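Each of the next two complexes has chain A plus one more chain, namely chain B in the first and chain C in the second.
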Partner chain A sequence: MFRRRGRYASIVLILPALAVYGLFILYPLVRGVLLSFTDNTGGPTDAFVGLKQYSALIHDPTALQALRHTVIYAAVVLVVQTGLGLSAAALLSRRPHIRRVVSSMLLLPALISPVMASFIWSYLYRPDGGIDTLLGDVGLGVLRQTWLGDPSIALYAIAAVNIWMFAGYSCVIFLAGYAGIPAELLDAADIDGATRWQRFRKVEWAMLAPSLTVNVTISLIGSLGVFDFPLVLTNGGPVGSTNTLALLIYRDIFNNSDFAMGAATAVLLLVLVVVVSSAASAVLRRRERVL
Partner chain B sequence: MRFIRPTLALTAALLVAGGSLTACGSGSSTDSSGRTILHVEGWKGGGAEPANVAQVNAAFEKANSNIKLDFSYVPPNDVYQQKLQSQLLASTAADVIMVDPQKVQTWGKSGYLADLSGQSWAGGIAGPLKPFVSYQNKVLASPMELSPVGIYVNLDILAKAGIAAAPTDFPTLLADLGKLKTANQPGFAFPDSQGYMAEFAMLLSAATTVYQQTPDWDQQFMAGKVDFSTAFQTPLEQIQQLGADGYVNFKNAVGTDETTTGEPDFIAGKSAFYAGGSWLAAAIKKPGFKLAFVPWPGGETGTSPSALMFPGTMWAVNARSKVSAAAKAYVDFWSQSQNLAPYLSAEAAISPFQGGAAGTDPLMSTMATAYGAGKFALFPTNTWDLADPETKIRSILQGFLLGKTDVAATLTAIQSAAASAKS
Partner chain C sequence: MTDTDLTSTVTRPAAPPPPAVAVRPRRRRGVVVDCLLVLVALAFITPFLFTLVASFRTSGDIARNPLGLPHHLTIANYRTSIDQIRYGSSVLNTLLLTLASCVAVSIIGAAASYPLGRLTSHLSSMVYRLFVIGLTIPIFVIIAPLYLLMRDLHLLDSRIGLVIIYTALNLPVSVFFYTSFVRQIPVQLEEAAALDGCGPLRTFFSIVFPLLRPITGTLLTFVSLQVWNNLVVPLVFLQDASKSTVMANAYSFADPHTLQPTQLFPAALLGALPLFLLFLVFQRQVVEGMTQGAVK
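And then the complex of A and B:
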């Protein structure tokens, strides 16, 4: 009797959350998927066209190019951002007196809006901008580049802005992981004569598994849906070299009024994000259990 | 009692939400004194572009004491598109909305815009402009301006190289750039990070090298009678020449942003030539250097160039407006030359109506003269150079600037991109 009442109470308690989730997440999602099966151009009427948008999408070289850029961008951001965040956290974990100040400073860029960060970096990247000037001043003029004007490096230049913004964020997550490592474990490693590298590889790396899972998942979701940086810094150029799927969705819907194609591209991006981040998360969770 | 308080709170919340939604709509039609409330939304009239809209609106309210105007400024471009598109779908857009040639096509196709063909001003729209305000032969918008697009020239910098006036033909442009380089003065700013400077340059040159001979080239292209391969060769060769002669570093150009770098640099006196529209005039005039605004000097020695005009801002009436008579009265008011004058003056633009005057700004005199003499072309935003084709053409032109394709291959690619506008 009490158990049944408890079950009803839990259903009643969960209903508001379910209603909000259904209204603001599931309903738009379903409507978006349905929209991708039409020829909607933003008007109140449209016609069902089946998989025509998807067929056009997979035969569109611009979309395939954007898919490739999105994956490359996510991979670069994931590896470099996580690597830098981990390195910074490893260094700071052994320097408690400066940890708070430095980690706060590293976190600062993440507090700027991506649009503002893009504007700042567009000045730094311009041909006579801060980066080239700095390189010249320190005798590395040979490394000067047309950062956003060269199709072979523009995507990486944009990824660098993303990494600059969020490496501190990764660092803070890893620092939280470091805080959870029992001191006795590290002491035991020291007593056993482990070198610094051995201590990191055998103890810290294993104990940081949950932090790694969080970092990788957040980084993947954020970078696969990247939009603001390429929009402001290059608008997808030069020669389409920084087009991403999110940018295509935006252009289809708001520049071309091709809502149906935008919805189809959004479904493709959704599938990509869900599959990649779920797979990564599953692999890393399994690793956590093994460790 | 325990249940009454949440219920009341929920009811209040629903009432507030409902009230907010009602306030957003174009539904409420009269105020407490019985005046018709007319909701208007536009991307001019606030922010960086006040454009004397408030002055014209005040004159309208004075002349129409039975109408209360509720004007809302919405930031331009993407923000406007996002807000209005959603409002139109939800039937909450204003009674009168600002549009441009592309929106006339897309929103006209969706049935959002009222047919204004029967309005008195519709017959007075300048002939070449009619396709830009029409969808399926119905006039859906009242044009507010023709904005010249051309080259801003810093005459003070030219003077330092011994040049007395802005060039009017291409050989003189090249010679002037040579003199500037010799005098160690800045030359032609060609920022193209967003991709529209090369597009501007191509069309600016085409105004003289293509449209002067064939004014209806766009219509012929849409009908499949002409193609880009030969017609647009000269515009691309002229752009290429700027790079080949060392006056523009195209690699740097593609890495430089038009708005955040190119325009401020010109205003700061870091370049002598900068291509842009008349809408930039107010900002560019601020530093006070001696300035000219001229068509792209695209012709051969001794010829005079044609101007390029952008058929920009327009008013349209929401097809679902409950106060369409007041909405049409508002659009009618704006279409009268004496009412439109303050706006044209602020915008440094030319009247889009037959026999309409140009703004009084002396900076625009060269453009106004070209327009008066019929030496002008219209930006092809209602035929092959809009939306997706435009995005592709900008990307193709960036490849051209970077030397990835030659003139012939670039024109073939542009032909392919532009052809998609026919479908």
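And then the complex of A and C:
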């Protein structure tokens, strides 16, 4: 089609998308890196200051803490969310009667926004809120916590909301993977006398490699850039124990107009995302290729 | 079924076939596990059910017994909440933004994906890869320079500015979906159109774009979810609350730390309501839209 009519038509078709994407995503991406070498605070002019922002960044305990929180958060969400999603999918894969209704129920939290989920959970987590009352009612009062007020727990409490929202999403993705496993393969394993665990370990786990890749990628991208949950639930507190990189970038722009610092923090986030996601995809793609 | 069939079934001794005896305990166990799983799933969505019930209770009633059943129901909470988070105008704004972004993302994205899916040149695969990079970049990576850019273009605090940002943010997923779909469409249709003297642009609009309908549905559910639920974009790029979205106004006007649950819960449910309706109507497309990547 395009060969016959020359390049004119294909350029006309690609151009709008490339222009919007280039101007509003790629250009800021490049300009952000340049911005991080300046002292821009939103004024009309700025000066080149070399690595000053970066040296401030690595000497700033808040930023290093936020980096650590972001990594811990992403790791916890990745492992627990994917683990729960996989377990649910494994249980549901051979229960056609309830698969649809249960997976729809599990998917429900993924439809509300993080803001709305945070509204609900901020009440449940309150000192006299839903969870503590429930624990008291069933005689487990000793387990009561100030969930969002304790610096050693708050980050995990927020991760739990994230996991609650998206575990069902993870389950549905794994179920799509299960639907792609040929029934003969599972039957063959059964006929060979494989136990439930052996069948999962040797057949299903291997065949689910592509859906695992999708799950890991989605969960990493989402949780490394996490913002809504800590903003609404704790606003980074108590004593900075739930600050994430995204939250710091937002504050740099919104509260301090320190665009250069925001850009330097953003470069740190970009490096983190690129390193983590290429490491993950190298491992996962190799698994898929073995298949 | 004829009479004879019926009598023969009735008169036949009700001896169960032998395998049934062996199967039955296992099947019964299956039913028990099924019920357990449904119960676990119910426990999982309990926070919703609790929120739903509590949103109709009075604040004194909740304070006395947070987990109890309501004594009498009231919709007064909802009235307060609707005013507080400026629900009416927020919903309208969010709907408009979502619609405009969906139209732009699907048309521009599909137009670019058609040649990208057909051409095999080095350049076109490079452009495609450039788009796909965008799938992994969190908005926070570009938000500082994007803010300066929008300011310089006088697109701050503007609805059009927001539509542009949402379109740009969702173009990668759009190009990713459409390109893989275009590659599955047989070329013969387009060749026939070309023989009839139809140029590439007309071929795209009158033949290819309509063929992309199934994937467009999937894409649009995905994009609507993104746009509707997004918080940071309106928060950073809009100042005027009367232009702002449901999520941004809910965040700005309902502080979860000081509000009574009677004010908080209606806000949470009202914010989610339009998407729940969408989910009920388009249940299949939503599930597909959210899992599309898994089969690719």
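We adopt the following convention: the second predicted complex is superposed on the first by the 271 of 291 C-alpha atoms of A that agree within 3 Å, B and C clash if a C-alpha of one lies under 4 Å from a C-alpha of the other, contacts with A are read in each partner's own complex, and residues count from 1 in each chain.
As a working rule, contacts are C-beta pairs under 8 Å (C-beta built on N, C-alpha and C of every residue); 3 or more make two chains touch, one makes a residue touch a chain.
Keep in mind the model is a prediction, meaning the values are calculated, not measured.
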**Request:** Return fit or clash for chain B versus chain C, each positioned on chain A through the superposition.
**Result:** clash
**Request:** Would you sort A:G42 into first (chain B), second (chain C), both or neither based on which partner it touches?
**Result:** both
**Message:** Quick one: is A:L26 in contact with chain B, with chain C, with both, or with neither? Answer first, second, both or neither.
**Reply:** second
**Asked** Who does A:G240 touch here: chain B (first), chain C (second), both, or neither?
**Response** first
**Request:** Go through the superposed model and pick first if A:A160 touches only chain B, second if only chain C, both, or neither.
**Result:** neither
**Asked** After lining up the shared chain so the two structures overlap, which partner does A:Y123 touch, if you call chain B first and chain C second: first, second, both or neither?
**Response** both
**Prompt:** Of the partners chain B and chain C, which touch A:V216 in the superposed model: first, second, both, neither?
**Reply:** neither
**Message:** After superposing on the shared chain, does chain C or chain B touch more chain A residues?
**Reply:** C
**Message:** Between chain B and chain C, whom does A:L57 touch in the aligned arrangement: first, second, both, or neither?
**Reply:** neither
**Prompt:** When the two structures are overlaid on chain A, which partner does A:F254 contact: first (chain B), second (chain C), both, or neither?
**Reply:** both
**Prompt:** When the two structures are overlaid on chain A, which partner does A:G225 contact: first (chain B), second (chain C), both, or neither?
**Reply:** second
**Asked** Which residues of chain A are in contact with chain B in one complex and with chain C in the other?
**Response** 42, 119, 122-123, 233, 254
**Prompt:** Which chain A residues qualify as touching chain B in the complex?
**Reply:** 41-45, 62, 119, 122-123, 125-127, 146-151, 233-240, 251, 254-258
**Item:** Contacting residues of chain C [partner chain A, same complex]
**Value:** 30, 33-34, 37-38, 41-42, 44-45, 47-48, 50-51, 66-67, 108-109, 111-112, 114-116, 118-119, 124, 127, 130-131, 134-149, 164-165, 167-169, 171-172, 175, 187, 190-191, 194, 199-201, 203-204, 225, 228-232, 235-236, 247, 250-251, 254, 256-257, 261, 264-265, 267-269, 271-272, 275-276, 279, 283, 286-287, 290-291, 293-295
**Request:** Within their complex, state which residues of chain B touch chain A.
**Result:** 78, 81-82, 85, 88-89, 106-107, 109-112, 193-195, 249, 251-257, 260-261, 387-388, 391-392, 394-396, 398-399, 402, 404
**Request:** Sort out for me which residues of chain A touch chain C in the complex.
**Result:** 1-2, 4-5, 9-10, 12-14, 16-18, 20-21, 23-29, 31-32, 35, 40, 42, 91-92, 95, 97-98, 101-116, 118-124, 128-130, 133-134, 137, 164, 168-169, 172-173, 176-177, 180, 210-211, 214, 217-218, 221, 224-225, 227-228, 231-233, 245-246, 249-250, 252-254, 259, 262-263, 266-267, 269-270, 273-274, 277
